[in-house]
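Have a look at the structure that comes next, please.
Chain lettering (A, B, C, D and E) follows the sequence in which the chains are written, and residue indices restart at 1 in each chain.
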Amino acid sequence: MDQILNSLHYIKPEISAAIALSVLVIIDLIMGKNKKYLSIVMILGLLATTYFIIEQFGNSSFAFNSDSSKFGLLAVDSFGSFFKLLIILSSLIVVLFSITSYEIKKAKERLGEYYSLIWGMIIGMFFLVMSADLIVIYLALELLSLSSYVLAGITKDTLRNSEASLKYVIYGGVSSGIMLFGISILFGNTGTTNIYEINALFQTQQLQGLVVTLSALLIFAGIGFKISAAPFHFWTPDVYEGAPITITAYLSVASKAAGFALLLRFTKVTLIDSINTDGSWNLISLIDWKTFLIIISILTMTLGNFAALWQNNLKRLLAYSSIAHAGYILLGLIALSNEGLMAVMIYFVIYAIMNLGAFFVVMLIANKTGSEELDDYRGLGKVAPLLTVSLAIFLISLTGLPPTAGFIAKLYIFLALINSKMIIVAFIALLNTVVSLYYYVRVLKYMFLDKSEKEIAPIKINFANSILLIVLLIPTILLGIYFTPLVEFAKNSIALLGF
Amino acid sequence: MQNFPILSLLTFLPIVGMIFILSLTKRQEKTIKWITLIVTGVQLLIAIVILFFYNFSMAGINDPSSFQFVEKFRWIEITGLAWVGTIKIDYFLGIDGLSVVLVLLTTIVTFIATFASWNISKSIKGYFALFLLLDTAMLGVFVSLDFFLFYVFWELMLLPMYFLIGVWGGPRREYAAIKFFLYTLLGSVFILLVMIGLYFSATETLANGSKVFSFNILTLMDTANYTTTGILSPFNPNNLRFIAYIALFIGFAIKIPMFPFHTWLPDAHVEAPTAISVILAGVLLKMGTYGILRISYPIFPDITIQLLWYIGLFGMINIIYGALAAMAQKDFKKLIAYSSVSHMGYVLLGMASLTTASLSGAVLQMFNHGTITAMLFIIVGIIYDRAHTRDMDAFGGIANQMPIYTGFVAVAFFAAIGLPGLSGFISEALVFVGAFSSELIRTITIISTLGILLGAGYMLWAFQRIYFGELNSKWKELKDLELREYFMVVPLTLIIILLGVYPSLILQFMTTSVNALVKFMGDAQIIISSIN
Amino acid sequence: MTESVLIKLALLILFLPLIGFIVTLLFGKRIKWLYWFENSILILAFLLSAVLAYFKLTHFTDQTLISEFEWINLGSIPFVKSIIIDLGIMLDNITVLMILTVNIVSLLVHIFSVGYMKGDKRYNRYFSYLGIFTFSMLGIVLTHNLLMMYVFWELVGLSSYLLIGFWYEKKTASDAAKKAFIVNRIGDIGMFLGILTLFLTYNTFSFDKIFYQISTGNLPFGTEFGLTVAGVLLFCGAIGKSAQFPLHVWLPDAMEGPTPVSALIHAATMVAAGVYFMIRVFPILSGDALLVIATIGALSAFIPATIAVTQNDIKKVLAYSTISQLGYMIMAIGVGAYTFAFFHLVTHAFFKAGLFLGSGSVIHSMHHEQDMTKMGGLRKKMPLTYITFLVASLALSGIPFTSGFLSKDGILAGTFAFGSLTGYWYFAAVGFIVAFLTAFYMFRAIIMTFHGKPKNKEKFEHAKESSFVMAMPLVVLSALSLFFWYSLNPFNPNEGKLLSSWIKTPEISVPQSARYEFMKTDDKIINKENLEEVTYSNSYTEAIHHAHYPTLFTSASLALLGILFAFIFYQWKVFDPNKFAEKLKPIYLLSFNKWYFDEIYYASFVAGTIGLSKIISMFDNKFIDGIVNGSALFTKNFSAFTGKFDNVVVDGLVNMMAYISGMFGLFFRRFQTGKVQTYILFVVFSLIILLYIFR
Amino acid sequence: MTVYDITFYLFALITLGSAFFVVTIRNIVYSAFFLLFTLFGITGLYVLLSADFIAIVQLVVYVGGILVLLLFGVMLTHKITNVQIKSGTLQIIPSAIAVIVLAFALIKIFLSTNWKTFQLTAQNSSVQGLGVLLVNQYSVVFELLGILLLIALIGAASMARR
Amino acid sequence: MINITLYHYLIVSSVLFCLGIFGVITRKNAIMVLMGIELILNAANINFVAFARYGNFGNSGQLAALFVIILAAAEAAIAMAIVLNIYKTFTNINIDEIDTLKD
């Protein structure tokens, strides 16, 4: 009992989130049709949670362990806090997006549910990034998924919206089912669901590789679904295209971040054998996890990039782009070193900023033109210079050209890779970058090089949105020129509990 | 003067101008143009000031203490995790004999390109903002001594170029722009890989005695700085230096452009607006050869020596192939574009023999080709502005209608042919003198002399088709040069003639450095071969 | 008059025409009388060169004055030879004589042009071009090093290009200009390589330093063969510029330029530059190289002479005769008759200029009619022109009492002596045959032009004697074609100052073993007092001496025979030349069609190059730039593919990548069916595959 | 063959046999009823595995809740009057291949694995143990499930509501 | 003596798992697909309980199964809501006809 009470202060952010959720639900019920204050309540809740996350930084302990010598259910560490912060900040930005989103405005009567479900996602993700137990992982993943299934179809006004929701739930249900099956096998093999204990067993006991491989593959099916890694990515383009754009942005950033945090923790805690003095990891020899990740990674980025070449819907294009980026991020993990881990974290921060920025612009344009089709972007450069130039910068950053932040993100990944002597992989990844340039630049071509056949009215955006845009724009450029703080931050956050 | 951050000023002045321009409204077209003109003019002045204070006796190349106008301070410093060491990137600018020439060239060409941009009518604000951004990127490449910084500038140039071709170009501009973009990015990908590989292969000793990996180009040149296990370290018996060299070379070769990576060039040139063609041919192509001289050669002297013959061979192919391809063209601009391929071949040929004469010739050829080809593109632009066609067969007898213009054309054409008395001759002759003295590539050099003949062939044929013969009655209305155009052609003509008569004006800046490079290559080669 | 004053004088002479060129070019359009500026500059230059020649030849007879300065210094590094390129001028007897010749002819041509070009719309431009030509030519003459030689060599090429193409509205003119430049370039490449070879070995371009190095036994590539190669390569330049076989084809075409230009450039001076160059580098020409030179010279003397026999265009006849005479000079150098080569150069300059100007005078009065078959009987209308033309023709034919007789006889004696010493008789044979042919075709031309009945009445009626400015140069030049300027003995040139004390065969630097047998230094002679005068074996000198009178007699008789034949065929019409031609049809056609050189060259080199360039261009577009397009395998898919990618991706290697990428993309898109169950099926399959891989 | 064995085979047969019909039979309502049998069978297996509490929960939640929910779903999404409440199938052959291969692979791996097993001993009811575990060590999961159900409620309501 | 080993249970669970997947992939009707998902979850649950029983792992296996059952209920609820929503917009719930989102 003491243990529980002692552990409570480790989950302050989650408690805060849960309280915020309750408050939101209650206010929504009280206020009835009046949805004015919901956004403010939401933002306040987010800020409060942010505060608790920042406060929590530097903690490193298990929470909810039955006795202090044992491993707990949750691992509170700066790695988790880093991802929580990333998640909460992207949530904040997405909520700000939602305030102006035309799609969300149309579904105004469900705004309470919308925000509540976002809280559901947040709580799920928080648990996901900090859990040390496979059962908790599964439940958190389901919480995250269930919320996002509904959010993907929240506006309900279009076919594609509902369809996205259905596809998501079926695909997600199967994926998590497969993952659960994998968890059950691992449980059978080791007798525990705690990943730290599993790791201890891996290191000490003689286990059969085949069944471990099987369980790891099945578990990866669930994680791969979340991070949309090939060949578990199929839902991504369809759901991203169908979901409201705010949710698409959110899924592509926060949900993916949580999935990656899970993958990183799973890899570094469960499958590790030892860490060398130079920071590289030795994985257990039961499973060739590294080769597996290399295959997945190359497949993911290649598939994402090449399929994106053909897209004419910007949301769908960004969906494929986010698949490709998942591939790049996996590269950081492939390096199997602390350096690679750091690279992944740096990548994520930058990816979050630039991807959110791109989606934001797409949303703002869609608010006015009602379309995300590339054809409707023709000649937009003339009528909406700020928006299009911003989008251009975000896309260039996504390509990874200096002096934008995207370059730094890629640079660190490649530094890690080459330091691990994986030159051919790095080369393939770089060739992929070249391919990706084509479809990103194609957007620029439509905006700036082509002429519109019809007259388009100038797109004006309000002051608050311009500020938000610039807030996203500044780090996209600045981090490309001066990235010391970011790297320092990531470097200080790579500490996983116990490793 | 050596302590004043003049190189930063030179490099980032256009950014200031760009910000100014962006703060103006679209209507203030005149102001925008004048700002650009003033910025590029001031840059030219700064470049001249730099020349004025330049110390001929300081060599540069691999010696940090003999670079001039050096600016060096820590840009990024991240005390790292135990396993990486400190990540350190310097803001490190400086010039030596190789770069000072190209800095001067860049400022001249940009200044003249500003005049060539004067009659741009579509989205002026965007054009000049991008133009100035491009300017910064180009200068940045030539003054950076840190590989990372170099790479940033190198890539920074892509985007403005894409838009400048893509928005303001000819009918197939989109295709040309994307082709340019993809091609060059493909090249930079190779460069990036090698850059990272080098980073992990050499360390720099900090003031406190600790060793850190380094992007510093000069550090990378010194064999003593390499670690024993780095993948590109000569001490590592399984090193990948050979592959890395090829990759790096391809990266730069695409920019030159070297056969068979040249096909982006004709397209880009044909579609680009005049001013951009001028910059593209005048400055951008030099980045490739500059990169090879600044980075590939001194960092990989051992591999360079092994591959000299192939470099020469590709130089020869460029010369002959470019000339023959030029001969078949009907489009005036395409002809000039292919002539660039041919002329850059001389630079490659010059680099293929490590002699003072040929390297001087190669660097001088970079400068001369920059001015000559800039003038050629301006010439094409002038006639295209008037006639709205570049089909050479559609012309004829222009000499009668536009005699003064034709006079300038003749100067440029004969300079391109390599007529003595004009600048092109000196550099080609030096290249041949040097290359011929290298036994390794003597046969190649002899075959390459055919380029002299073919060059005369296609140039004179073009000259005849466009300017000679009876005046085609279609062109009765063409006017001779106007004031703005004099501003473009007269300075270039003067430079071409002046350097043709007295090349030492430029040569004096580079001799020390070129000699140092030759010596360094020899020494480093010996050191490295002693390791293995 | 000190040396430095002479040098400065020479420099002044060199740069005066340049000033004339610049001023006339820049302001000629505005200021109509500016051609007089150019002309007066030439007069000044002529006077100054006369002064220069006088003082050089009288006060510094045996000295070679050199002045140089450092032009390019590429610095130095240890153990590597430093590269310093000097520019400078050199004054010796040959130089000053050549300057004088050039300036005289140039001046006269200038004056003639004032009348000839009157009314041309680019009148002043014409004179400015003459200015730059004179400048470049003087540069060639004055230079003391190979680099400057090459520089000015190219510059005369440029001025020749400009002047041939002066009437560029005419396609033939601009074609001829281009042809001249490019054909010259072929020779220049060889010359350039020769220069590179020498520079590589001696690290200098200066003649004197190279000569000295070679005389110490330091040879290119260390072998005598290297020296021969260098010599032959240098000679390539002369082949181009002096229109020697096989690069002679440009010169006849060059007659498209204004006739005074032909006189100045394509007869008297520029084309002689090749000969002059060979004279300059004579000391380093090995025996084998000389033999090559002599052979080329002989071929060039013979072939054009046979062609000239059947030509109907008066300028073409003169052009081929020029090539033939230049062949003589080259052959003279090849057989070692150094002094006579130069002598013939000078005399030829005057009488050939006279011939051209005379023909110009005819053409001018016939309203630019050049076809001799349309002329005739002009003797009465233009007596002065007739007489001067006749004198010059006699000189060209080598009739006694003319300058041509003296110089040509020397050359023939040289070949004869060469034959007697080496057994290579055919040089002498060629010399005599050509002497006969020369006389024949020259008088054929005179008869067709001036004698007989007018063929074109209308033009004949309008023809009249030329004005003073045009007539004066004719007179001066025909006067200069007489013997007494060169030697008071009309039968022995060696008695004149020119050959007895001013021009001497120079010291030969070539190692003994690489020389002609008879040129090897004779030990016996070294002990003799007149060592300086005879630098190679006096056996040759003696042989020439012996050959002198026989050849004199033979050549004069052959020339007279030629004249006789001309009269038989064309004046008295004893035989109908047309019937004669019918009988010898193959030979006639060969000659009339200039041995088909143009056709052969066009079919092989020109068409070859252009074809190759087209192939390369195709290759560039279709293959390198579009492997896709060329590949039949992809073509079908590609059309569907372009439908979507159309303007963005059309061709290219990039495009092939794009195509493949696109195909990849399409492949991946296949999986995105929109049916969620299919997705799950894929997932299951992937899991099975992954399981299989990692089992 | 003990009673235990026979019981196991019986339940296993019920489970798998009806599961097979669940996924193959065309009529949806029949299919739903076969699912009922499957779930019963599984409950039986739980009992055999001495998981009494789980078995009960299985009955209550699955049979009482989820299955009814699904049946309601069937009724709501199909016109009751339409007797032919049938569902087609698709991609049978590739699916069958995939699934059979997968099944073989799984079984092969399972059989080839040497699991840690202990001699089965009689077990008391697990209810108490589960309860203690749930509120002690897994209390936070308990809370998490609470939130999850709340979210499910909100979500389902939001979705199903017009 | 009980002859039934862990392997027996595992075979049952893996066959059930595969049948579940088969159902998910092949059935057109969305509700049928959901039934397939339930089968998958149940297969996992059998594993948990069986492993816990045979491996003597204590109660955590059963607890996991318990959680999964609860979760399955929640998921079924949400999925049903979504299916109803689909029925409203598409007027059928045949998944293979719901493919407006595709490449």
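As a convention for this text, contacts are C-beta pairs under 8 Å (C-beta built on N, C-alpha and C of every residue); 3 or more make two chains touch, one makes a residue touch a chain.
Note that the structure is a prediction, hence the values are computed from the model and not measured.
Which neighbours does chain D have in common with chain E?
Chains in contact with chain D as well as chain E: A, C.
With centres defined from CA atoms, tell me which chain sits nearest the overall protein centre.
Minimum centroid-to-centroid distance belongs to B.
Which chains share more C-beta contacts than any other pair?
D-E
Centre-to-centre on C-alpha atoms, which chain is most distant from chain D?
C
Provide the C-alpha centroid distance between chain C and chain E, rounded to the nearest whole angstrom.
96
So how far apart, in whole Å, are chain A and chain E when each is placed at the average of its C-alpha atoms?
Centre-to-centre distance between chain A and chain E: 26 Å.
Please report how many Å separate the Cα centroid of chain B from that of chain C, as a whole number.
Chain centroid spacing, chain B to chain C, equals 38 Å.
Just how far, in Å, is the C-alpha centre of chain D from the one of chain C?
A distance of 102 Å separates the two centres.
Please list all residues of chain B that touch 2 or more other chains.
Expected reply: 174, 178, 182.
Going by the touch rule set out above, which residues of chain D reach two or more other chains?
Answer for chain D, listing residues that touch two or more other chains: 90-91, 95, 98-99, 102, 106, 110, 115-116, 138, 141, 145, 148, 151-152, 155-159.
Using the touch definition from the top, which residues of chain C touch two or more other chains?
648, 658, 669, 672, 674, 676-677, 680-681, 684, 687, 691
Okay, what are all the chain pairs that touch?
A-B, A-C, A-D, A-E, B-C, C-D, C-E, D-E
Chain C touches which residues of chain A in the complex?
It is residues 166-167, 170-171, 174-175, 178, 210, 213-214, 217-218, 221, 231-232, 234-235, 237-238, 287-288, 291-292, 295, 302-303, 306-310, 435, 438, 442, 445 of chain A that touch chain C.
Note which residues of chain A are touching chain D in the complex, please.
It comes out as residues 1, 3-4, 7, 11, 18, 21, 25, 63-66, 73-74, 110, 113, 116-117, 120, 123, 127, 135-136, 139-140, 142-143, 146-147, 149-150, 153-154, 156, 165, 188-189, 191, 208, 210-211, 214.
Taking the complex as given, what residues does chain E use to touch chain C?
Chain E reaches chain C through residues 21, 24-26, 33, 95-96, 98-103.
Under the stated contact criterion, what part of chain C meets chain A in this complex?
Spelled out, the residues of chain C in touch with chain A are 644, 648, 658, 661-662, 664-669, 671-672, 674, 676-677, 679-680, 682-683, 686-687, 690-691, 693-695.
Considering only the defined contacts, which chain A positions touch chain E in the complex?
Touch residues, chain A against chain E: 135, 138-139, 142, 146, 149-150, 153, 156, 159-160, 162-167, 169-170, 173-174, 177-178, 180-181, 183-185, 187-188, 191-193, 237-239, 241-242, 307, 310-311, 316.
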